[in-house]
Amino acid sequence: MTIQIITTGGTIDKIYFDALSEFQVGESPIASILHEANVTLDIPTQPLFRKDSLELTDADREAIRQAVIQSPARQILITHGTDTMAHTAEVLLSVADKTIVLTGAMQPARLRSTDAIFNVGFALAAVQTLPYGVYIAMNGRLFPAGTVKKNRHAGCFEDL
Amino acid sequence: MTIQIITTGGTIDKIYFDALSEFQVGESPIASILHEANVTLDIPTQPLFRKDSLELTDADREAIRQAVIQSPARQILITHGTDTMAHTAEVLLSVADKTIVLTGAMQPARLRSTDAIFNVGFALAAVQTLPYGVYIAMNGRLFPAGTVKKNRHAGCFEDL
Amino acid sequence: MTIQIITTGGTIDKIYFDALSEFQVGESPIASILHEANVTLDIPTQPLFRKDSLELTDADREAIRQAVIQSPARQILITHGTDTMAHTAEVLLSVADKTIVLTGAMQPARLRSTDAIFNVGFALAAVQTLPYGVYIAMNGRLFPAGTVKKNRHAGCFEDL
Amino acid sequence: MTIQIITTGGTIDKIYFDALSEFQVGESPIASILHEANVTLDIPTQPLFRKDSLELTDADREAIRQAVIQSPARQILITHGTDTMAHTAEVLLSVADKTIVLTGAMQPARLRSTDAIFNVGFALAAVQTLPYGVYIAMNGRLFPAGTVKKNRHAGCFEDL
């Protein structure tokens, strides 16, 4: 196994539940995104959490870190809510000898207009080409962990 | 300018014209794909051809090569029909000191279900991270020019 | 003016706001739905509320009733949240000499998979063809007001 | 059985085949449109032709007429290419005691932006509410057969 995907929730995974009349984190759309894109690599996907990233605790981040360490893959793509993506990326800096790329979306993958599909494609190339390290792949840009923050007002990631 | 996109036509650009009751190569959807993905890089796009790649001549391929050489950008993303993408990639091998990534789609970008959006995202990360050379970015994989062919029957690219 | 549309909110109008990481009732998608469907009738749209239908008060329902009465149109299409659509329909039974059709959606119009577009088309034909009275147009069926309830568990409307 | 759908091809059914690099008439999307719209009626669908309507012969139109006559349903919705829809509607005027509604699309149902879904919803209400006769349901309007033509230049139907 070369590449593995770990999903943790966030906007990218949001589903609208009419019974509750609200949007909640649902099953990850990663499998259908890869299928629709005719991806011919065999990429196992591990659904770890279904959480808004604002709800992720230190223990959750440690669980993500352990999942990355224990994976036999050297190339790890993590889907994650955007609000604390930069924080989780920094926690993962302690992992050695892996290329770790985090991505997510500002609009759920299930919306007709979304950045999710583009971002997963973008991150999948990044994880195959970048040297060992931790990166955020958003807005068509690649940011090394520790050099990036989300600009909530502008709705995008930018250099620290 | 770091990155430039050159569009040449192909399935990715196809539009349905009811007046003719047929599909034709239309204006490239690249601008709307980058906008929807909230790409914050400023990436100029040069529309060079609107052709099925089976119709591209040797002179057309030379025009693509010249456009790549004359671009001030070192990172060139080319959208291209899939049928002769591998051929054009080989012609571009003579270009020095640039990273050139070709991508396209098996289903038009304007379809509800398409690989186009994923592929453009995938190629945009590849062109920013790969060393100088020519590559095809399709099916979630990166193929160096000269090592790849389209398998028409399977509907995907594979190693030569 | 023959036909008028009044929008009151509900799931059909929901938009995802990343800044708040939640879904809220937004601008009605009616105009873009009619445009995409190449509707050549000139149909004025009055945005009355942006509310989940569970939040509609008796005063709100009276405001809807007054808007219907004061409209110069004889054919009124109302988009409305599904949870209390049957209740509002009954309140409107006191309006004379108008055909009033209520519709909505179980999935927001902005989702890639939604019943909203179909339902607006369905309701627009109903309002042009049905005799004076109040109707709910959902699930491909036409229910006279007072004969219908929402089955929350099944996610559809059914006979009382 | 109250309602039946007969599909004959046309733009609404078009699929893009990469192997041929062209758009062709494919399996009708009616079933998935009804499913996505949560239609709870049980509506049998008969796929009769997969033809551009310019290719329909007099014999084909007679076959459509016979299918309508032989159907146990009194309410018949026919999907049809737009170019000769008005002609077929006139041929069906000889059928007694049925409500027959023809619809189609200017853009294939499988496109991200299409009038197909709206039009099927629109036609499904019309067929349930209009008196016996033959109608074209397009552009948000209902035209009795014999009073309507397609304006190819404007891309819509209009009064004769």
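Should a chain be cited, it is by its letter among A, B, C and D, assigned in written order, with residues numbered from 1 in that chain.
Assume a contact is a pair of C-beta atoms (placed from the backbone, for glycine too) under 8 Å apart; a residue touches a chain by one contact, two chains touch by 3 or more.
All figures in this text were calculated on a predicted structure; none of them were measured in a lab.
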Required minimum of steps from chain A to chain D, each step between chains that touch: 2
Centre-to-centre distance between chain D and chain B (centres being mean Cα positions), rounded to whole Å: 37
Centroid distance [mean C-alpha coordinates] between chain C and chain B, Å: 44
For chain C paired with chain D, centre-to-centre distance based on mean C-alpha positions, whole Å: 26
For chain A, residues contacting two or more additional chains: 106, 112-114, 155
Touching pairs among all chains present in the structure: A-B, A-C, B-D, C-D
Residue numbers on chain A that touch chain C, as the complex places them: 11, 14, 16, 18-19, 21-23, 52, 54, 81-83, 106-108, 110-114, 152-153, 155
Parts of chain A lying in touch with chain B, wherever the complex brings them together: 33-34, 36-41, 43, 106, 113-115, 117-126, 128-130, 137-142, 155-156, 158
